[in-house]
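Look for chain A in each of the two complexes below; its partner is chain B in the first and chain C in the second.
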Partner chain A sequence: MTLRLDAITKTVGGAVHIDRVSLDLAPGSFNVLLGRTLAGKTTLLRLIAGLDRPTSGRILDDGRDVTGRGVAGRDVAMVYQQFINYPSFTVFENIASPLRRKGMDAVEIERRVKRTAAMLRIDGLLDRLPSQLSGGQQQRTAIARALVKEAGLLLLDEPLVNLDYKLREELREELRVLFAERRTVVVYATTEPAEALILGGNTGVLHEGRLLQFGPTLQVYGRPVDTDAGAIFSDPPMNFIDGILTDDGVALSDGTHLPLAAHERGLPAGPCRIGVRANHLGVVRRGDQSVAVPARVELAEISGSETFIHVVHNGVPLVAREEGIHTHPIGEIIPVYFDPARVFVFAPDGRLLAAPRSLPNRLKGVA
Partner chain B sequence: MTLRSHADDAVALPPRARARAASRLRVSRRTVVLVLYILFLLLPIYWMVNMSLKTNVEILSGLTLFPRDPTLQNYITIFTDPSWYSGYINSIKYVVLNTVISLTVALPAAYAFSRYRFLGDKHMFFWLLTNKMAPPAVFLLPFFQLYSTFGLFDTPLAVALAHCLFNVPLAVWILEGFMSGVPREIDETAYMDGYSFPRFFATIFVPLIRAGIGVTAFFCFMFSWVELLLARTLTAVEAKPIAATMTRTVSAAGMDWGLLAAAGVLTIIPGALVIWFVRNYIAKGFALGRV
Partner chain C sequence: MDKPWNNRAWFLVIPVFVLVAFSAIIPLMTVVNYSVQDIFGPGQAFWVGTEWFEKVLHDERLHDALVRQILFSLAVLAIEIPLGILVALSMPADKGWRTSLVLVLLALPLLIPWNVVGTIWQIFGRADIGLGGAAIRALGIDYNYTGNPRDAWLTVLVMDVWHWTSLVALLCYAGLRAIPPAYYQAAKIDGASRWAVFRHIELPKMRGVLIIAVLLRFMDSFMIYTEPFVLTGGGPGNATTFLSQYLTRMAVGQFDLGVAAAFSLIYFLIVLLFSYVFYTFITTVGTGDRS
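Right after this comes the complex of A and B.
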């Protein structure tokens, strides 16, 4: 199935929830829809599924217009954020239900249910009711039911968000394997940049109902089109500082001079906004290229292997990430270090002017 | 309050013993209160059972806590005299009919209110409940006139339909509460899995709200069973309900106290039975399914 969204718009009582979203999703592609809460991810998924009807625009499935067709007429499966199973059916019957409705014969149903259950490692639980399962097992059942019918389009709406940390990690790893080598178009909505990076494929950045950017995940991560996309595709959000672009560097508003890296050369002089991800902003000097700016410590968030240091520089809040444990008394003035080679340059209106050349090579955990 | 008074009494005891004494005292005090409460509640019912097993002579001759010579004659009369037992049959007929009609009508209505937004849905939902605010007597005259015209007068269907006036709104409200407790995503998943609406409703949705349906049936049953005014006015001979039979026999040959008491006992039995079946869900039903 090739899915094409053509300027889909959804307004509810005058408020625009989805604003002219156009997308082409190829068969077998894995697509992550990244956006903050209330960005319109669920709304967009519901429109794609046929659960809601777009106010304007068209949805094409292999070139056929399916815009007005209800969910029963679409070839679609969906996994929700909540664990949705039929409570009065056993796990086996839950997974078997889409096949039973297709009128498949019992032997084939049994074979497919067993195979899918084994893939999701719930084959020992087939006789249980959903209420007798843990959250992770319930969600596995829901995913199994969505996989077993082999629909042309599979939608996952933050499927891991209600699971605890460990289970989330585990299931996330498995999902990547599960969806490989399928002809299904998968759309996976999430708020977490790390999830998009781990799952790979394509990523679309959704912000206030608009699709800011869509493309291969690493490309989107490496070259966010604007400050919004950069902020959404970073955790913690990208830091921004206003400055003036000159011939030999960027003058920050407090007078600090940031020398230009190769990728920033040749940009027109004038006001700009520089963006740095937290992992490229540190409290320890990393090389002689580093530039220090003074900042006041607001909070040091220690997460075991790393510390997020929240600071304020000249009235602008920044977050720096540093390996290991770093404690700083609140209110202390410390230097934070930039690497000019790792700096994004945006125009004052938010457009990306220049991005660091090389893609980050260590992906896991840096988002 | 109770706790503090124990503490004052038991200052001399070591803490653990004090706690034990306190809990024993608390249990016993609570038991006493409960026993008294239940005693007061059950006294009238006991008295009715007591009376139903006595002869009229004994009832009128003085106060006795137990029947001096117990007799089942009153019950035998009720079960053998058609003018008595047909009252029960008529009552059960229209009550069951009403429960079935109310559920059949209210299930789709409640589903619509719970799942769809349409013009004036909230107003209509509230308006349903206002039907319960008017006294049934208001509707008595139009009902009487209408049913006479259509030849429904003095049939169980007449009473069953009249009772829908307050049972359908109640059923819609209770069922809507239970239905809204079922996530909408279950419906959507079922449609994606290829279920048609009727099949989904019957095989997935109804089992999910069966407690709600039980409670709704109970409320319909109870309200219809105890309602007297409409039931008595809309019937004459053929469909006379038991409550009407009881009020009309009072002055037939003086007061047949024993017989009336026996009829009363038989009247509370069906209600007690139904309550037993839905005992775990009644509280939720009183909250209109919104707990």
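Right after this comes the complex of A and C.
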């Protein structure tokens, strides 16, 4: 199926939850909806599923208008943040339930359930009840139930949030493989930039009910349309420093001068806002990091393999990410370094003016 | 490594032990004491062994009371549990004033003392001045709970349903509200019917509270005393004389303390046994231990 959203708007009691969202989702495409909590991801999924009706706008399925059609008339399956299975059904019966609804014959049901269960590696648990499964197994059952239906549209609403870190990584890897070979339109809502990057496909950035940007994930990551999209598609959020764009570079508000980088050539002079991702901001000087700004240390979050150093520069909070363990006493003034060639330039109203030339080539662990 | 062993830990359970001793063990032992002796006064006790127990077990009127009691409890469960579920399902789910109003109205009967409930229904059911009784009479039905055993029975039953269905409804309501909305969404996407939603989502999710509701209502109805005592006094004849009322009659009315004590123990064991069997049954069936 090809799904088209045409200026979908949803208002509830005067509050706009979804604001004129338009999207084209191709058959077999994997689409991530990236947005913070309350950005409208779940609301948009509900509208796409037909659980709610948009206040205005149209939803087209292969060109047919299905806006007014309820969920029963849509060809859709959904996986939720909570592990939703029928409590009194075994794993087998849970996975079989959508097929039984369709009135499929028993042999075919058994074949499909077993195949899907094997894909999700729960084929040894078919006789268990959901209450006898671990969280990861419960979610695998729920995903199997959604997959077995072979619906034209599969919606996943933060399906890995309630799993612990290890299981989340494992299942995420498997999902990527599972969806790669399907003709289904998949929409996957998440708050985590890393999830969007790992799952690949397309990414739409949702902010306060508006779709800021939609396109191939790496392209969106490399060229966020504005400061909001940049902040949402970075973890920790992108750092922003105000400055003035001139002929020979950018003068930051504290007086630091940034030499003009290749991608900034030809931009109109005037006030601007530069954006630097945490992984391009360091406390250890590297060859290409020619600019240093002084900052006061607020906090150092050590995760083991890396450290997030929270600092304040000229009244603006920044976060730098460094490999390994770095300890700095709180209150110490240290220089933070960055490479002018890795800097995003935004207009004062937030629009992107220039993005660093090449796409980041070290994606793993970047977001 | 040596296993740490410290007998002083026993001191920590002493407060609980003392409390339980005073609230349960000592009173129970007193009853046991009475059930195997004939006690006339301090120092005048004679060992009678199982005589009282034999007497109790051969008491025809007691058998009748027991049958009546079981019928009553089963009737109470058969009406109050489905009715409570039905009420809970039809209650508003939002957080508006309507929900608050319904909750307050439902809780009202639970706040009325037992003997007052009896009095209310005694007056309400009277054929001459009672609102309920007179209304039924006006419909042409010859209703009289003081003279007709069937009417007395129905009145006691209706009174209990009125008094306690709220409890079941409130428990079920709490159970229903604990179901994440995503379950209903998932059912909608699956195209499940209202009945399927109830049967496969709501009912299994209410299991825990339903077990509690059934246990509470069973034990409570099995020990019912005050309301029928106030309403009918156990009559007409012995039509509404349930176990505890029969027991009171023996202990206080006829002062057969030995028989009453023996009977109390049997009564206690019956409640314990029923509850245990029921609980084991309910918690085993449907949890997958069927293999």
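Everything that follows uses one rule, which is that the second predicted complex is superposed on the first by the 365 of 367 C-alpha atoms of A that agree within 3 Å, B and C clash if a C-alpha of one lies under 4 Å from a C-alpha of the other, contacts with A are read in each partner's own complex, and residues count from 1 in each chain.
As a convention for this text, a residue touches a chain if its C-beta (ideal position, glycine included) is under 8 Å from a C-beta of that chain, and two chains touch if they have at least 3 such contacts.
Computed from a predicted structure; not experimentally measured.
Novice: Identify whether chain B and chain C fit side by side or clash on chain A in the overlaid structures.
Specialist: In the superposition, chain B runs into chain C.
Novice: Could you say whether A:101 touches chain B, chain C, both of them, or neither, answering first, second, both or neither?
Specialist: A:101: touches chain B and chain C.
Novice: Examine A:82 and indicate which partner it touches, taking first as chain B and second as chain C; both and neither are also allowed.
Specialist: both
Novice: By the touch definition at the top of the document, which applies to A:71: first (chain B), second (chain C), both, or neither?
Specialist: So A:71 meets both chain B and chain C here.
Novice: Output check: A:128 vs chain B and chain C. Expected answer is one of first, second, both, neither. What do you get?
Specialist: In the superposition, A:128 touches chain C alone.
Novice: When the two structures are overlaid on chain A, which partner does A:219 contact: first (chain B), second (chain C), both, or neither?
Specialist: neither
Novice: Counting only touches as set out at the top, which of chain B and chain C does A:2 meet: first, second, both, neither?
Specialist: Neither partner.
Novice: In the superposed model, identify the part of chain C that clashes with chain B, out of 37-45, 73-81 or 109-117.
Specialist: So the stretch of chain C colliding with chain B after superposition is 73-81.
Novice: Touching chain B in one complex and chain C in the other: list those residues of chain A.
Specialist: 49, 51, 71-72, 76-78, 80, 82, 84, 86-89, 97-98, 101
Novice: If you look only at chain A, which of its residues touch chain C in the complex?
Specialist: 46, 49, 51, 71-72, 76-78, 80-82, 84, 86-90, 97-98, 101, 128-129, 131-132
Novice: Flag every residue of chain B that touches chain A in the complex, lowest number first.
Specialist: By the definition above, chain B touches chain A via 183, 185-186, 188-196, 204, 207-208.
Novice: For chain C, which residues are in contact with chain A within the complex?
Specialist: On the chain C side, the touching residues are 180, 182-183, 185-186, 188-192, 200-201, 203-205, 286-288.
Novice: Quick check on the complex: what are the chain A residues that touch chain B?
Specialist: Listed in rising order, the residues of chain A that touch chain B are 49, 51, 70-72, 74, 76-78, 80, 82, 84, 86-89, 97-98, 101-102, 145, 149, 151.
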